[in-house]
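See the structures that follow.
In what follows, subunit A forms one complex with subunit B and a second complex with subunit C.
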Partner chain A sequence: MTLELPTVCDIMSLRVKVRNAESGATVEMELESENTIDDIIEGAAGYWEKDAGAYVLRRGKRLLRGQQTVAEAGLLNNDELELIPDPEGG
Partner chain B sequence: MSLPPDILKARLLNELSVCARYLRRPIALPDGDLRSFPIEIEIELKGVPGLVFTDDGIETRYEHRFNILIGRNYPFEKPMVRWKTPIFHPNIMMPDDGGHLCTKLLDEWSFNSTLLSFIKGIEALLISPNPSSPFGTESCTAAAAYFNHSKIRIPPIVYSPLPKVVKSD
Partner chain C sequence: MKTPRILNAESIEIEERAAPPLERIKPHKWLSEEDLREYSTQERNGFELYVSRIAEEKMRNHSIRYAGEQKEAMGLLLGWVYKENGRIYSLVKDIVTTDLESTFVNVRFDRGAFEKLFQALEDAGFNYIVTGWYHSHPGHGCFMSSTDLYTQRTYFGDRAHSAIVIDPMNMEIKAFYLEGKRIKNRIFAIYWDEYENPYYGTCVRKKVIKSNPNRVSPTE
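Let's look at the complex of A and B:
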């Protein structure tokens, strides 16, 4: 019998839930640590057929920055993120 | 363009109940039937850091209020929003100056926009102002200068833990 050990990729990947603030729908996404917040926005917006440029992602009440990686943003497995319309002022 | 009255009423009641759940407090309606427009509702944000200018300097407050005026043509037409509490923000006017908000959420309002996503966006706007495009009022331009020239950031959000049932009979 052979025991399958998880690969580095398996260890580094994490799963998050993204909620669409407009509809309440959710989607689960599997991320690698080098994925960026923009990647998540693009993936979720694409799934709901929205224009990724018109949305931002937040965790709790805090906005996540687009160029940050999953690791830099400190995302954890099973985190719930929210896709909200970009409120940009001005 | 406007929705049939019953559908508009159902949509508004649904949206407002979702907002009340999110804000964890009831939203008072001036007219329970939601048939006299415009409908004015007051939204109170709690636990969201926003700066205010006081005699002692710039402080952080965690409670803010604004009014939303919903017209008969909602959601085809965007609601009108007026800020009601003192604020030091480049994109939100002081109540005395009109309390107007300049945000993409209103500029790009669509049928799919909701009051809940608007409120969540306003929370984000408080935390992440855009000082490169302020209103021309004194407080907004001063806030823009403050955010442009200082490294000071809005303090972290304080979360109060939700009460938890530990034992029941």
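Let's look at the complex of A and C:
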């Protein structure tokens, strides 16, 4: 019988900084590996009283996909992310 | 599973800084006569929006290029917010954009082209705030449509944020901002200053010096 031990990623929480591109404000968040990118967007947008569905999140030049978990997205402790507006004109 | 927890938050403090001086600003050449009169009235007291010549040229050229295809153009305004004698003003230093999903009456970023936009943000070379957005109305005048108003309210509700609308076919440009729930016309100035240029001192072209072995140096 083999025991499946939790990986470091499974048990550790990590901290990331999320920057609001429209104001320069930042929040520091504590995440668990199962949290999704949508959770991060909702947490940050909620804090700034913004509509979470209207934003995208970037890490460097990479778009972080909403349904991905923190582990799947490969987020690391102390990563800096940025909330970017996704406007529409008519 | 816990939801993400906010540990702490920081906001920026708006720095006191002199706005571009009178000798380094001018009205946009596409302003209407009415806006030009308002520009003259406001010129001495200062504006709430200054757009760099670089950003203005990029927006205008982008809009003209897309107008050729009967499409709207769009992008984000990058800059910073300052205050001078209690007046808060935005300085737009540059713009960023990417591939667009665009028609004659609608525009948004291409869903598959965010990484190009993010690369442009990474390459900005200066600390920025997205101080607003621009888009074009090819041939249908400068106003805020219901979609534009929704965008402004969703993202750019702060007074310091602006929406620039360009009609490249009629050579018109206007800026707008939200005051409470009402959209208002914002008179703005174009500024130029080498030291404000975010790319000042950056060499964009390597100068190749070909030496002539037969040439005698004047010092020899």
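The rule we apply is simple: the second predicted complex is superposed on the first by the 75 of 90 C-alpha atoms of A that agree within 3 Å, B and C clash if a C-alpha of one lies under 4 Å from a C-alpha of the other, contacts with A are read in each partner's own complex, and residues count from 1 in each chain.
By our rule, a residue touches a chain if its C-beta (ideal position, glycine included) is under 8 Å from a C-beta of that chain, and two chains touch if they have at least 3 such contacts.
Computed from a predicted structure; not experimentally measured.
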item: Partner, of subunit C and subunit B, that touches more residues belonging to subunit A; value: C
item: Partner chain in contact with A:Arg15 - subunit B first, subunit C second, else both or neither; value: second
item: Contacts of A:Ala71 with subunit B and subunit C, given as first, second, both or neither; value: neither
item: Which superposed partner A:Tyr47 touches (first subunit B, second subunit C, both, neither); value: second
item: Touching partner for A:Arg62 - first (subunit B), second (subunit C), both, neither; value: both
item: Contacts on subunit A seen with subunit B and repeated with subunit C across the two complexes; value: 21-22, 24, 54, 56, 58, 60-63, 82, 84-90
item: Interface residues, subunit C side, partner subunit A - complex; value: 1-12, 72, 74, 76, 105-109, 114-115, 117-119, 121-122, 127-130, 133, 135, 145-148, 150-151, 154-156, 158, 161
item: Sites on subunit A touched by subunit B in the complex; value: 21-22, 24, 54, 56, 58, 60-63, 82, 84-90
item: Interfacial residue positions of subunit A with respect to subunit C in the complex; value: 15, 21-32, 34-35, 39-40, 43, 47, 50-51, 54, 56, 58, 60-63, 82, 84-90
item: Residues on subunit B engaged by subunit A in the complex (per definition of touch); value: 18, 47-48, 89-92, 101-105, 108, 112-114, 116-118, 120-125, 127-130, 132-134, 157, 159
